[in-house]
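Each chain gets a letter, A, B, C and D, in the order it is written, and its residues are counted from 1.
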Amino acid sequence: MENILIHYLDHPKLHEPIFVQGLPGIGNVGKLAAEHLKDELKAVKFAEIYSKFFPPQVLVMDDGLIRLVQNELYYVKRDGGRDLVLLVGDYQGLTPDGQYELADFVLKELKALGVRNLYTLGGYGMGRMVTKPRVLGAATDAKLVKEMEGHGVVFARGEPGAGIVGASGLLLGLGKLNDMHAVCLMGETSGYFVDPKSAQAVLEVLTKILDIKIDFAELENRAKQIDQITSKLREVEGPPEDRDKQDLGYIG
Amino acid sequence: MENILIHYLDHPKLHEPIFVQGLPGIGNVGKLAAEHLKDELKAVKFAEIYSKFFPPQVLVMDDGLIRLVQNELYYVKRDGGRDLVLLVGDYQGLTPDGQYELADFVLKELKALGVRNLYTLGGYGMGRMVTKPRVLGAATDAKLVKEMEGHGVVFARGEPGAGIVGASGLLLGLGKLNDMHAVCLMGETSGYFVDPKSAQAVLEVLTKILDIKIDFAELENRAKQIDQITSKLREVEGPPEDRDKQDLGYIG
Amino acid sequence: MENILIHYLDHPKLHEPIFVQGLPGIGNVGKLAAEHLKDELKAVKFAEIYSKFFPPQVLVMDDGLIRLVQNELYYVKRDGGRDLVLLVGDYQGLTPDGQYELADFVLKELKALGVRNLYTLGGYGMGRMVTKPRVLGAATDAKLVKEMEGHGVVFARGEPGAGIVGASGLLLGLGKLNDMHAVCLMGETSGYFVDPKSAQAVLEVLTKILDIKIDFAELENRAKQIDQITSKLREVEGPPEDRDKQDLGYIG
Amino acid sequence: MENILIHYLDHPKLHEPIFVQGLPGIGNVGKLAAEHLKDELKAVKFAEIYSKFFPPQVLVMDDGLIRLVQNELYYVKRDGGRDLVLLVGDYQGLTPDGQYELADFVLKELKALGVRNLYTLGGYGMGRMVTKPRVLGAATDAKLVKEMEGHGVVFARGEPGAGIVGASGLLLGLGKLNDMHAVCLMGETSGYFVDPKSAQAVLEVLTKILDIKIDFAELENRAKQIDQITSKLREVEGPPEDRDKQDLGYIG
């Protein structure tokens, strides 16, 4: 089996597309922001990504049908503006090498789609409640840093001190090696729950950059939905068969 | 060494075979149900599957002979009906990517055997005692959901909330990508011990679907046997050499 | 880099050689027994095995020289009898798939050397002090079971209940698939320390089988040496750089 | 994606170059020593090494720009003496096999650069405060041991008892198999913090060996910088997205 599979539902012709990614992470800020953007812009799904680096898991929909955990690519056509490609998904890669493989794979697909500009969305865990979340930034080019500062993004010396871990960071790091121009936007968040305020702060910056108008009314509902799914995934008693190893195995 | 090896003892010609899988998992419901079915139908073993994704372990039989841990394929010929292929085994894959590899491998073998319909059996952990276990379902097609509901299978909104983890789920998820029609039947169980009542509930549904009659008298004995094996595998003092890493190694 | 490297120092021509393996494990019974046998028989090293599945570690000898952790093959020429091939080493493979790869690799080398008969030595952890250790057995053939019983080896129903984990078991399991005739001899041991009494019990059986006479006077000294090395490997403060991940890494 | 990538910024012609490595480890002694040497000698970076075996992480510089975590190669040209190649970096490989792959990769690059002599620098954790750190040694050749002893390096029987774990050890172990002449210099350190005194002890020996004069005034400042970075990497609340697995995943 291939490490990563992509199923194209459509092969859209896109005009100088800009890429936006939001996957599960701290406070699910990136995931919430990207999914809200996708829904508000009525983005169209055109590809599904499956991988051995995701958990061996299917999700069960309300109609009793299953789907394999996945990442998904959507596009948005914009009259007179540059088109968008969005990546959302159930999981990031489970292992460090899986993270590298997935980021490298996505970058190659993006190159083929004509993408040169990337925005990755995430949360910045503060470990305390945040009333007015700032949006922190990191970028591949000095020019982009300046441009982002003009949109209110904060580039604070020593923040984030530990760098950026996971898909949001890797797309910048590997993207730079592939001549991509990329920015990571991180909303401050406590890190203790799904955070719609932080996601809104990130989206307010991003929509200004992209010159898009969206409504935020549904953001809290979406946060609740994601929170519910997340809690269920955490329930120890819930999931069938995920404790095989403890039950029958002897290896840690 | 290949990641997965299959040794065919026989190459049966099967008539539109239906596949049934039950491997170790929550309450060992799936394993118990599938092994009971296998024994009651006097199914014939025709292949053994070995893999690096299983523990590096041999089991010692009562006669002092060893056998490598494995999964096994059995067939059942049925006059005037569709034949059956059963998969039972000692373990599921130990790692996420191992789970994907094994499910993909099994699907390819099933395709070659002419299988198009899959039933995977498992337990649904409730974290509390269950007196009258329901059988929950998940499927790849809306038509199958309806058909299963006719057999008393429960498709409850939000159950299982965390989806299905492991081989039972993956065979549906990857099966769907391979045009298989698949159902997962999950018996409610506490999750604290091998559960013959839950296995019986699952088998009552499955045998109705397959139009088979079996006896359940031996089910409790079989549960006790599996329970004994499971406890032994859990004993800390028992197994020789499984603590090499703690004893001599420095890596977690 | 290859997963496993073998460096041949010599290519001995061996007469129907019999293989004996003893690696680190419960009570280090197998390792102690095999190293004692090797020393008493003045066995000659003819190959070194290195692998990515071992820890990334060198040992420092008393003269300040290093050597990479390894497994080693020795031979013993016997006038008028069958020759011996011994495998001893610092570690077993760290991961399940590494264990499979190493066992498969060793079996292929043994086949090339003309080996058909294997003896693997190990300990059987009792979790309590053992005053007169029995030697338990497991084998690939019914004929071997009978033969071993003649030498006082105990084949006890349900012992070892969890099977045999690690190299000693895998060589039997994979060996059987490769038409090898193999026996695992396990000396009862508490499992709490290196156990020369258990190693002697195993060697008394093995030397009867092989029709060899060796002295056991040095066995206790050897146990002390292995115990010292083992304790050092366990010292938390001792080893340089083995805590890099905790110190600087963020991944578990 | 390749397991390991190297980007050459320059292809220097070097005169019988001597290699020096210092990576993160116990007390960060090796990293601190090598980075100090690099800065004092105004070494020139000529290659960057990226790898799937490092964490999936980018670091954010003070100017808001990111760089993928990496190891780096520097050179120093010396009039009338042998040139130097230095390896420094953010991380060692995360897994045992990653450690082997990286060491093997580096050795092949070094061979191509004409390197035959290696010095790896590290700390030797004492688990207690050390007022006058000794420098312990290990080497691939008896001749080197003698030479090092002439420079005050201590080769103490049974120290380090557990051998040398990680890149510093592997370069010696795999280097020996590749006909390299290699020494590991380990400064005694408590292991509880970044230790400039231990790094100075190591550098005093190394500079005598290499016949180099450097200033140590900046060493304490550099230790503070590394300590700050290290603490940040350890902060639980700090890093965004490094807790994805705990948050949303079900696998340990």
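Note that in this section a contact is a pair of C-beta atoms (placed from the backbone, for glycine too) under 8 Å apart; a residue touches a chain by one contact, two chains touch by 3 or more.
These numbers were taken from a predicted model, which means no experiment stands behind them.
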Is the contact between chain A and chain B built from the same residue numbers on each copy (over half shared) or from different ones (under half shared)? different
Superposing rotation of chain A relative to chain D, computed on C-alpha atoms, to nearest 5°: 90
Distance between chain centroids, defined by C-alpha means - chain C, chain D (Å): 35
So what's the Cα centroid distance for chain B and chain D, whole Å? 49
Where in chain C do residues touch at least two different other chains? 55, 57, 94, 96, 162, 165, 233, 239, 242, 250-251
Residue ranges of chain B touching chain C (in the complex, touch as defined): 1, 3, 5, 7, 50, 52-60, 62-69, 94, 229, 232-233, 235-245, 247-252
Partner chain C, residues of chain D touching it in the complex: 23-26, 28, 30, 55, 57, 91-94, 96-97, 99-101, 103-105, 122-128, 137-142, 145, 148, 155, 157-170, 172-174, 176-177, 184, 186, 191, 230, 233, 239, 242
